[in-house]
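Below is one structure; the comments refer to it alone.
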Amino acid sequence: MSALGVIGGVVQPVLIVAGSPLLVGLMRQVRARLEGRAGAGVGQPWRDLRKLLRKERIAPRGTSEVFRFAPLVLVATTLVVAVVVPFVATESALDPVADLFAVVALLALGAVALALAGLDTGTAFGGMGASREMTILALVEPTLLVAIFALSVRVGSTNLGAIVSSTLHDPARVISPVSLLAAVALIVVIVAETGRIPVDNPSTHLELTMVHEAMVLEHAGPDLALVELASAMRLSVFLGLLANLFVPWGIATEATPLALLIGVLALVVKVGVLGGLLAAGEVFVAKLRLFRVPELLAGSFLLALLAVAASFFLA
Amino acid sequence: MYVQLLDLACGALLLTAVLVLWRRELTVIIRMFALQGAALAVLVGVLAAQENSAELWAVAVGVFALRAVVLPYLLRRALAGAGESRRETRPLVNVSASLLAAAVLTLLAYAVSQPLVELAPSAATQAIPVGITVVLIGFFVLVTRRRALSQLVGFLLMDNGITAVGFLATTGVGLVVELGVSLDVLLAVLVLQVLTTRMRETFGDTDLDELRELRD
Amino acid sequence: MNLAATGMAAAVAIAVLTALLAVVVRTRTSVVGVGTALTGVAAVVAGAAALAGGSFSVVLPGVLPLSGVSLTLDPLGGLFVAVTGGVAVAAGIYSMSYADTPDLRARGVRVALPLFVVAMVLVPAAANVGTLLVCWELMALTSLVLVVAEHRRGPQVASAGRWYAVMTHLGFVSVLIGLMLFVAHTGDDSFAAMREAGRHLSPAVAGVVFVATLVGFASKAGIVPLHAWLPRAHPEAPSHVSALMSAAMVNLGVYGLVRVGVDLLGGGAAWWWLLVLALGAVSAVYGILQAAMSSDLKRLLGQSTTENMGLVLIGVGAAGLFASSGDRALAALALTAALVHVVGHAAFKTVLFLAAGSVLHATGSRDLDALGGLRPVMPVTTAAFGVGALAASALPPGTAFVSEWLLLQALIHGLPAGGVAAAIAMPVAVAAVALTAGLAVATFVKAFGVGFLAKPRSEAVAGAHESPFTMLAAMGIAAVVCVVLALWPAGILPAVQAAAGGVAVSGDVTLRLNQATGALSPLLLTLGLVAAVAVVAAVMRAAVARRVRREARLWDCGGGPMSARMEYTATSFAEPLQRVFDDVVQPELDVDVSHHEESRYLVQAVEYRRKVPDRIERRLYQPVLSVITAWGRAGRGLAPGSVHRYLGYGFYAVCGVLLLLAVTR
């Protein structure tokens, strides 16, 4: 456990927790401006969270502790990921956890906790959301792991620190077909995992279309604040991961204040740009029917597999 | 630099083939085909720069003119005449399954082309599986699509793949051969276009399954 | 006499004594349970001693005809003996109160239980073909008795028994043919001699031996397409027997494969292992897909066994593939992953089956669509099932996560190692493992969320009660083992690597791959997670002004209180997946809409029926079964009931054979 790792492990979660609602605010603002609306401002998600935290805690009748613990677990898994993944510094506070498979599985664990909470309410909405979320999760998994496979084969490791530093040392790799195909596949996966258009619409409450919102319909007040914060954090974590897997420049490799500052700024800029692009892209596409989503995921799986294939085709 | 450009061109070749399989709108399919023609021209151009051969440069320009401009133009014209049937609505194999099939085809192409690559391993020959994958995906499109036009694109995809393999394996098959092949392809497209038009006039549709009626 | 030998002797002695007691003096059920558990303890001791290096060998020439009984316990066998013993401990304790029903008190059933356990313990210790086959058959027969123990419950039990009997015996015949062919070429049926000769077999003979034994062992492990018995027999058997079969018996198929393929035949050609890998991948995906569609709790668990054995076979196949291309270190890693998964699967499948049995005991139902709301009335069972489900779904902190991580590491590092075959097999295997993991998550969320949470979906559940202490204790032991395996897998690594025959992973808290970069620490991960939960909880306590939770109505869209019939069921939960995999599973749907008399726009009732038949089974088994039935019908003409005619057949046959001999001489 190096000094750099420890500092990164403290700075990163603080940055993610503080910044992710702003990222969501930024994305809503971009969307609003592109649609010709004024928008509520970048700080609105934080104001929403503050409002929710002041409200009363609710325990819907017939729910068990699974329902009550789910938001905690969801935030906690994302928090652990925020600590271990090299966002700001290349070294990790908990190196044996900074494994790409472990990180992916941790994020899946959060989704599972929420799905169980949805089922625990016993309402049709909760069950429906859980069922859809789990279906998408199951289908995303092959793409995700094969894309990871493509990225880690050339490094010979699934350790995130190792992957990031090897890209830092060999920048030419970024514009190879392997990287590009894997990046496209991962973007589709991230869109699916974070429930963005065209897979899910985060701002809908229509039973035909909602996935994530259906699961969390019974959460209110501070619990809802946690869920909202966690989904914002998941989005930032995924975007940060994408940014640093393919464009790791700016990340701190030594424990000096300047390097760390640059690392923080680089992360903020990269994630902000990616979020802005994602929001801008969402304006132009419609939400897919739920049963067209497998098609999208099959396509992204093919791209991931092509990335693996390209890593030995075009060696 | 040479290797990277070559790899990128091959990646684009592969990606456009996949997108032809993925998308349903015929206009998008034709656009992807045009992009693939451009990628093929870039591939030939990269080889030409490497070999420093004027003949190959000429071929590259020819490939671009034919496959990125003329053939897409012809296809688009055929589509404009086709009226409302602008989507490949019900392929014989659904899109998810055909994407997974393409994954299998890629691995198959890799397996069969290994002996070929081992004859003379170089950056160009190592990309041969890409060409063979494009051929196989083209064949797959030909087999599973209903609209005459998307089948035509499948056929042209095969031809693109064959051309790519030819260039990757031998660094150019010669101007004369390439010219002959191109003329052949052009002729085939024209004939098929006429056929499509006649079909539509007879059946009011270009669903090839309708041809079954000729047998009865 | 070392510890391993003492343990084995004690296991055999206790089991036989328990069986004798059950026959002679009709003891209480609890005595049989205790005897079975003690047999298990002795087996665990023997296995652990063998894994620690204290192997033994004993030959008892007079016990069996021909070459006699010969037992050896090496580390590979020791691992399987220990796993079997561990499952037997939990199952034995569980049976003390679970088996206290009229059906399970029957004498034959009580005798069969300890004998089944001891047969399973002896199979991995057998050191010659004769002993192996006799123990294998004893295991099949005793388990058959246990499967049909509750035959009074309905005809489906007898049907399951028939399927099991036929499949297991066809498998036995296949193993028999393979091993006899092997012995015919070596001339000696002791494993030591076969190991020597196995290296010099011609590739063709070795290939035939391998495929024949593979068919037999795969049918025991429930590998597709020989899995048809498994989702029938496991749900119908009493739950502790299901646990023994699913967590211990199927492992012996893997044991047989490793013993014959890797040990006796010494590796062999790459195509063998590609075949194993392909079978494993198909089984994993198909098994979990069937489980995801299933709404019968125990059937779901049975199908998940097929899935997990498929994952193990992926590991074994990859290990064989790496070994055949000369990469011993990687082969050891893949085999280690497979064996860790065997151990983990044994632990969580025991918990899951015992918890399912507890649910069955309390509610009389194993239909997920009728369960739910068990959390308040059966807290311990719910917790145990939760631990098992987490362990089974390859999420951290769970046991399957560790083994699947190791497996994926082996597959990733295997890509550069093995040429074209590996280049194609590895990505496909990774995709298969990933899809399996994803579907497993969905399946176990369904099983736990629908089966245990929310509100009761039927009357039977509303009146449920927690199970007796011994059942809870058994589940508790197995659940604790699950947790320990998940948090401290390094604890069993030395043992597993002794069995796998190579040290590929090291470390006490953090698993480190020796030949490649890669490390994972489940304990640190869990601690991090717990710390994060604590931090978030503390921050919330500080930040939230009003701490008391108010009870509130569920959101019912203003339509009045929600009834249990409005809940999502297991069938509806699986519907999206069923639609996505429509082409693969081909469900049979039947929707009946009955209209009102006056207008067809007024719907009176909608009836929805869905059946997800096993497609492989229908395509593969139905034709064979109908041919057999046709044969039987054709043969009926030969059997008019006259005794003279039957004796005549024998007479003519003897004369015919003699005539043939006379002519051909």
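For reference, chains read A, B and C in written order, and residue numbers begin at 1 within each chain.
In this text, a contact is a pair of C-beta atoms (placed from the backbone, for glycine too) under 8 Å apart; a residue touches a chain by one contact, two chains touch by 3 or more.
Per UniProt, the chains are A = Formate hydrogenlyase subunit 4; B = Hydrogenase-4 component E.
Model, not experiment: these values are computed from the prediction.
Peer 1: State which chain is most central when centres are taken as means of Cα atoms.
Peer 2: Smallest centre-to-centre distance to the global C-alpha mean: chain C.
Peer 1: Of the pairs A-B and A-C, which shows more C-beta pairs in contact?
Peer 2: The comparison resolves to A-C.
Peer 1: Counting in whole Å, what is the centre-to-centre distance of chain B and chain C, each centre being its mean C-alpha position?
Peer 2: Taking the mean C-alpha position of each chain, the two centres sit 48 Å apart.
Peer 1: Between chain A and chain C, tell me the centre distance in angstrom, where each centre is the average of that chain's C-alpha atoms.
Peer 2: Chain A and chain C have C-alpha centres separated by 35 Å.
Peer 1: Using the touch definition from the top, which residues of chain A touch two or more other chains?
Peer 2: 294, 301, 305, 309, 312
Peer 1: Any chance you could list the residues of chain B touching two or more other chains?
Peer 2: As it turns out, chain B has residues touching two or more other chains at 97, 107, 110.
Peer 1: What positions in chain C touch 2 or more of the other chains?
Peer 2: In chain C, residues 423, 427 touch at least two other chains, as defined above.
Peer 1: Applying the document's contact rule, which stretches of chain B touch chain A when the two form their complex?
Peer 2: Within the complex, chain B contacts chain A at residues 4, 6-8, 10-11, 14-15, 18, 22, 95-97, 99-100, 102-103, 106-107, 110, 123, 126-127, 129-130.
Peer 1: Going by the contact rule at the top, pick out the chain A residues touching chain B in the complex.
Peer 2: Chain A residues touching chain B: 172, 175-177, 180-181, 294-295, 298-299, 301-303, 305-306, 309-310, 312-315.
Peer 1: Applying the document's contact rule, which stretches of chain C touch chain A when the two form their complex?
Peer 2: 292, 372-373, 375-376, 393-396, 401, 405, 408-409, 411-413, 415-416, 423, 426-427, 430-431, 433-435, 437-439, 441-442, 445-446, 448-450, 453-455, 510-511, 516-521, 524-525, 528-529, 532-533, 535-537, 540, 543-556, 562, 564, 566-569, 572-577, 579-580
Peer 1: Would you tell me which residues of chain C are touching chain B in their complex?
Peer 2: Listed in rising order, the residues of chain C that touch chain B are 420, 423-424, 427-428, 583.
Peer 1: Would you tell me which residues of chain B are touching chain C in their complex?
Peer 2: The contact residues of chain B facing chain C are 94, 97, 107, 110-111, 114.
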